[in-house]
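For reference, the structure is listed below as structure tokens.
In this document, chain identifiers A, B, C, D and E correspond to the written order of the chains, with residue numbering beginning at 1 in each.
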Amino acid sequence: MSRLDALKTRIKEALPGLECVIGWQKGYDALHNTPLFIRGEADVDKLEWGALNVHNPAVYLPSFAGKKVGVVVKGCDSRSVVELLQEKLIDRDNVVIFSAGCDGVVDIAKVRAKLAAAGLNAGNAEKVAVDGKTVTVTAAGKAVSMPMAEVAADKCLRCQFPNAVLADAFVGDPAPQVQAAPAADADLAALDAMSVPERMAFWRYHMDRCIRCYACRNACPMCVCRDHCIAQSREPHWLSQEDSVTEKLMFQVVHAMHLAGRCTECGECQRACPMDIPVLALKKHLNRTIHDLFDYQAGVDVAAIPPLLQFKLEEDNIKERSW
Amino acid sequence: MTDPFNPYLPEVATILETVQETHNIKTFRVRFDDEAKMKAFTFEPGQVGQLSAPGIGESTFVINSPPTRMDYLQFSVMRAGEVTAKLHTLTAGDKVGVRAPLGNSFPVADMKGKDIVFVGGGIGMAPLRTLFLYMLDNRADFGKIRLLYGARSPQDMAFSAELPEWTGRSDIETTLTIDREAEGWQHKVGLIPNVLLEMAPAADNCVAITCGPPIMIKFTLEALKKLGFADEQIVTTLEKRMKCGIGICGRCNIGTSYVCVDGPVYTYAQLKQLPNEL
Amino acid sequence: MAEKIGVYIDESSVAPLLNAEELAAYVKEKCGGACPIVKAHKRLSSPDGVAMIKADVDAGELDAVLICGTSPRVDWDVFTFGDKVLVDRVNLREFVTLSYKNPDGSSVAAGGPIPAELRSMVQDYLRMGVVKMQKMNRPNPELPETNRTILVLGGGFTGMNAALAAAGAGAEVILVEKSDKLGGRAAGLYKTFPMNYPYLEATDTGIDRLIGLVTGNSRIKVRLNTTLKLLAGAPAMYEATLASGGNEEKVPVGSVVLAAGWTPMETEALAPFGYGKFKNVVTSAEFEAMVKAGDIKRPSDGKEPKTVVFIQCVGSRDKSLDRPYCSGFCCMYTAKQAILTKDHIPDSQSYVFYMDIRSPGKMYDEFTRRAMEEYGARYIRGRVAMVYPKDGKMIVRGADTLAGTQVEVEADLVVLAAGAEAAKGAPQLAEKLRISYDKYGFFMESHPKLKPVETNTAGVYLAGSCQGPKDIPQSVGQGSAAAAKVLALFSKDMLESDPQISRVDIKRCVGCGKCIMTCPFKAIKEVEFRGQKKAEVIETVCQGCGICTSTCPQGAIQLSHFTDNQILAEVNALCQS
Amino acid sequence: MPVLTGKELRIVGFLCNWCSYGGADTAGVGRFNQPTDLRIIRVPCSGRIDPLFIAKTLINGADGVLVSGCHPRDCHYAEGNFYARRRLEVLKRFLPILGIDPARFDYTWVSASEGQRWQKVVTVFTEQIHALGPATRHENVSPELLAKVASAIQGGNRVAA
Amino acid sequence: MAAVKYIPREKLPEWLKALAAQSRVLVPVEEGGSVVFRQYDPARAPVFGSDATAPPKGAVFPACQELFSYAYGKEGEDNAPTLKLDPKTEAQPTVVFGSKPCGARGFLIFDRVYMGKKFPDPYYIAAREATVFVTMACATVENTCFCHWVGSGPADAAGSDVLLTPVEGGYTVEAVSEKGAKFLDNPALTDGAAKAAEAEAVKKASRDALGEAPDIASSPAALLSLFDDMEFWRDQSDKCVSCGACTYLCPTCYCFSITDEGTGTAGRRMRSWDACMHFQFTLEASGHNPRPTKAHRLKNRVGHKFSYYPTLHDGLIACCGCGRCVKSCPVSVDIREIVQNAVAKAKG
């Protein structure tokens, strides 16, 4: 039985006791899957499992507070579930986690760039076939094959958790660990290579086109303030509505700092950005910092305390300046 | 000034006087600094204005003085958010911005020659006040005028300085009520809808105008229906969050109706036509 | 939100470098729209200055007062003008006029041109002060009904005195004692050193009379064999769980006075002097019991001792034992015991080995002198090196540091003046009450001078030797002081809490509980509001640190006087110039 | 604006009320020689300092930010500076990725009695900021540098291709 | 209208430079993987092939603009308070060059609201009058395009002043408004009669590529009839994450917020884009929110575009069919699907 069929079987069994089960289905075109909310048995057959399940369904869980729901997760998504449980934003008894081994998902932006390089428009995609390590996209009648390694989401290239950290129903064989992972994240390496003023220019360049839609925030499963985000409040009044790089960047700093020690690097912020701003780099950098300072990784242990909500009398890795 | 009319630009006005009505309601009497504009200013009872505290923002309030008394424009502000909190710090001599008149008004023409029942609860007395005083100033145009005004307690009653005059007039019938017994209270005790049923105004050739908190409106409507008022005979006002006040910014619409221009005054019959999004 | 700020500039803080009137003119020009009154005054903290401000406040035109002069750490109790106006300070003295030097390090010549740097500095601080004030919210704490019962922990001298003082002022008291009788350490005393005129004779402790007063007072409920298991809630609404035998009972109380007392040091410190090994080495408590029984005998053979050696500072002032502190009362009770020995056994001779005589109380020094001069006790300044038995006697060998010689005394009885330790279980009790304690287990007061009987847990006070070794008069004094503080706390219908506290915007709180995790004072609790989890500040417990405010991602919990908007206003004032 | 003419730079200090604010007072009362660039914002505790205040201050163009609290274990509120230490260290390491020199921000501990230490901290920090010179705001990145970085970014949402 | 003209591709910079000498010229350029409208810079090649990620909405309706500045003060002997307000309505002459026709058509929806009789908006009117749209008909269409559903098409000139159509070697150029006619006076433009037929073929091909549009004529009534069917709206909005990408990228979304910013006693009142998908949009000071859930908000968004607006404005649908809301939605919420579902559900 395929992973997909096994998932469907398990979901059908559990569905009667659940408000709904969140998964994925086919979207408006061949390149896009879209979140699916299974509320009846007929919906189960719409479920998809594969490289186009780019979304992190954990983002929806806090909104179902008090109701028992199921959620289908990839390994990376499960870390968000763990983090939500850790912060008591969802109740373990009220969430049923379905999962299967994940072989990685594509980064649509990379696919788009590949197609563009072949003179094609992703907006004309007609067919997508994923076969082992190759993704073949047909657009405007022309098929383009691309190695999965070149169009996979960055997080998949260095995936530590292809199988869920936490699951109630894990079906099929576990997916293999990523072999020969790149030593460093490409985005971080590129930023690291820049001088500090160049990095300022970098953010000036990118943030300039931010439209302040807050898709980065709303797609983030850990942005639990959502309706009460300080970006849109007057009390407190952290940000003005002024259309400036300063204000736009400041929001990214707010988002990143609020995620420090909580971010699982699911990458939804960047994937959601309609303006293709590499906002995830800030969180990756912070995660690296948190790891260096506190030897901590978010979303793997329900019982852990986030590092910025605790302290040690003597810190192991903080070397304070002597004056 | 040759600039085209700018609907976003408030008129600078000076607060002539303030009245602390209740612990959270404060009344402001303001006059435009530009005397010519003040003299030329007209409005209809029920129309609203945006009171501005530049630096904080603006908020919508009914002009609760009547168009028949133009010494000043009066607004009564209940403290709720940032803007109203700021307004509450202002006193006589301070400057505010005013954008007015905005919105529609009470269908005064349709009310002429009819009996009138005002039913106001709490801050809901403010929108009624403008029409009530307008009618008193044109007393002959209307039939029997009755006012039922209720609040939680005597301390929550706004316009208390005017109440003796209203209750003392023989050409109107004013009933005051509070929710629960209070020391020294000489008027009725009881919830507005119940008192209204007791008063039992005849629906024939009568218009009821009611304004107040949602729960009061709900039961007042029921009471009016019991008394035989048709939907067209009941008039109320709506409150919505507004920014522009001129039907553009997109907050206050209920389906196709923009409360800031099509409202705030609606008959119950009109309200029933609107989608359910209050 | 302050809209009508009275700005007052203290000339004594800015002169002669700066002209207060010029600063006032600057404030009028830049911030006049928000500041109807801007005045300079020679010395704002003078009665005349305060009266000037008060008159403006009373005139009702202001909703805030901004004092521009000395540091807010100075005169903090001078500038209070009731609850009609908010008050804040701008530090122009310590931060500007006192600290300003020319770039070359020289001082500015008074009356000369004002350097641009100095001007910009003072103007920045003034603008920051005004914008911060404009964003300041008016606090209005509302508290539920209060409970005024006082829970006194400890039925010793201190606790009973506190209970009596409180009950005498009309408060209901629950007096909890873990042993089976009242009296504490004092009950074991025969007499105490003199505490009243003419300060000559050792006197009765009065403990029995005190016990009688306590048990006979209808406002005091005595609970023996009882301990505090848990204290939950907040001042004026605490709930204490009392355990007695196998039973537990929850009682509502308003505040707690801790009088947990002390305990004498035991074997570890006493062992070097042969205690526990030789029968004729006893502690002063054991000796006191003999005196009280009127029966001073050598434990080894029941004979009356003729030579008694008292060794002071046993366990006290001893770094090797990690007890570097002075136990305070040993000098006095040793002198008393030497006198009592002579009283009971007129032909006896007492020796006292001491390090220093510490007798700073009223007539205390005179009393120790009497022990020496009238009762012939021989005081030898020096440490005892060893105590060993020889021929039925105890040899006490030590140094006389004044004479510079070795001393050996053949004693019939050796009495060890054991130092005081924190009561057993004191640290555990402290943890339960969330109060600090030092490394020896003594409880910590909030501030030695400003808040000597307060703890850093609101509504919990301490008295007596649980805070550090004390003699009876000191303990009595502290017990009464603690009672007075509790009564002051309850003197208003509603508890008026320190306005620098955090408040939750219930509309914005998402109930994530991060503030609860980081609050050092457990001043935030989770509540249910319309079916949703929310945080709620226990206003009487909140100490005003603001850790919660910087923890809350949506800014739903704000520390008054230091809200995000106030600090942001200051930041903006500095960054947008 | 006249405020920033000459060599003076904009340095913002966040000082806890109980220790470092007192330390700064002590330095003032002692008339210790101090640079004049610093403006102090009083907070009750270093634990009150949201790192975002510092980020906002720097992004909005301040040339330096200095935070000072009670020495570890001496916090008036017991734990505030322990939380602060973690948050501030994280922020310090975060700044360079934003294009802000981490040397523009420092944190330390000064007690109320340490007027001398305060003087030293302010002096050393101010000198450090002067060595860095005035800060550039993101909005004011030079067109040349912007063009250079832009040309290095080729399509896609990759940081660099 | 004037005769068809023609400009070869390589002559475009010449024309653009000439235009840029007289006014602000905004062209689509690539920036970090997105295509956005930026001031014309000869060093940066415009991207005309595919539709821009963000439409040129900001050219007329900036993301944030000052309505007026304010200053409080004191005056005279008696220190009387003063308040001065200073509005700025001027707009800068602008040419938006190379937008798809749908990007310009969006302003037709604006015009009816902002240029109404009762409260004409001086800021909008100034900017609108100062702006010329040189749009480019689509040679290809994308999966998300649905301009033909809303009464438009890949070469719909409504809202444009000049329409370019890509043909072999260059573009045909047609003035489609009076304002546009004045813009063809440039030596780089030659007579294009010979290319006209080819241009028409391009227009027809792309129109054909869109296929048949479903009948959504009943959408105003259908959406209204489903107003209280919250289960329907829950199902439609389940996956929505309540961000503002759809509204901010929409050429027809015209809602805004007004906020004051200032320090101390002076500052500005600003108008900025706002999104009806945000919880705060309708949140009242009391805490009450008439549109408390994303289902309510999505209902209003779809309802406004396909029901309320057309009801108030002669059937004009407040959507230009550009498909950005679908394409840029992080979770692919598809407004076409919702409208069709509503029409189908209302039919029963």
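The rule we apply is simple: a contact is a pair of C-beta atoms (placed from the backbone, for glycine too) under 8 Å apart; a residue touches a chain by one contact, two chains touch by 3 or more.
Per UniProt, the chains are D = Coenzyme F420-reducing hydrogenase, delta subunit.
Bear in mind the structure is a predicted one, so any value in this text is a computation, not a measurement.
Colleague: More contacting C-beta pairs: B-C or B-E?
Modeller: B-E
Colleague: Taking the mean of each chain's Cα atoms, which chain ends up nearest the overall Cα mean?
Modeller: Going by the distance between chain centres and the overall C-alpha centre, it is D.
Colleague: Can you check how far apart chain C and chain E are, centre to centre, with Cα atoms defining each centre and the answer in Å?
Modeller: It comes to 68 Å between the two C-alpha centres.
Colleague: Just how far, in Å, is the C-alpha centre of chain D from the one of chain C?
Modeller: Once rounded, the distance between the two centres reads 36 Å.
Colleague: Could you put a whole-Å number on the gap between the CA centroids of chain A and chain C?
Modeller: Centres of chain A and chain C (C-alpha means) sit 53 Å apart.
Colleague: Can you give the whole-Å distance between the Cα centres of chain A and chain E?
Modeller: 30
Colleague: Provide the list of chain B residues touching at least two other chains, using ranges where the numbers run on.
Modeller: In chain B, 82, 94 touch at least two other chains.
Colleague: Going through chain A residue by residue, note those that touch at least 2 other chains and give them in order.
Modeller: Answer for chain A, listing residues that touch two or more other chains: 109, 113, 205, 233-235, 238, 276-278.
Colleague: Which residues does chain E have that touch at least 2 chains other than itself?
Modeller: 31-33, 72, 81-83, 257, 259, 265
Colleague: Okay, in this complex, where on chain A does chain E touch?
Modeller: Result: residues 20, 27-29, 32-37, 39, 55, 59-60, 109, 113, 121, 123-125, 140, 205-206, 208-209, 211-215, 217-219, 226-227, 232-234, 240-243, 268, 271-272, 274-278 of chain A touch chain E.
Colleague: Applying the document's contact rule, which stretches of chain B touch chain C when the two form their complex?
Modeller: For this pair, the touching residues of chain B are 85-86, 89-91, 94.
Colleague: Going by the contact rule set out above, which residues of chain C touch chain E in the complex?
Modeller: 28, 30-34, 36, 127, 130-131, 134, 507, 569, 572-573, 576
Colleague: Under the stated contact criterion, what part of chain C meets chain D in this complex?
Modeller: Per the stated touch rule, the residues are 71-74, 91, 93-95, 98-101, 103, 105, 116-118, 120-121, 123-125, 128, 436, 456, 500, 518, 520-521, 543-547, 549-551, 559, 561-562, 564, 567-568, 570-572, 574-577.
Colleague: Spell out the part of chain E that touches chain A in their complex, as residue ranges.
Modeller: 31-34, 36, 49-50, 53-54, 62-64, 140, 142-145, 235, 238-239, 241-245, 247-249, 257, 259, 261, 270, 272-273, 275, 278-280, 324, 326-334, 336-337
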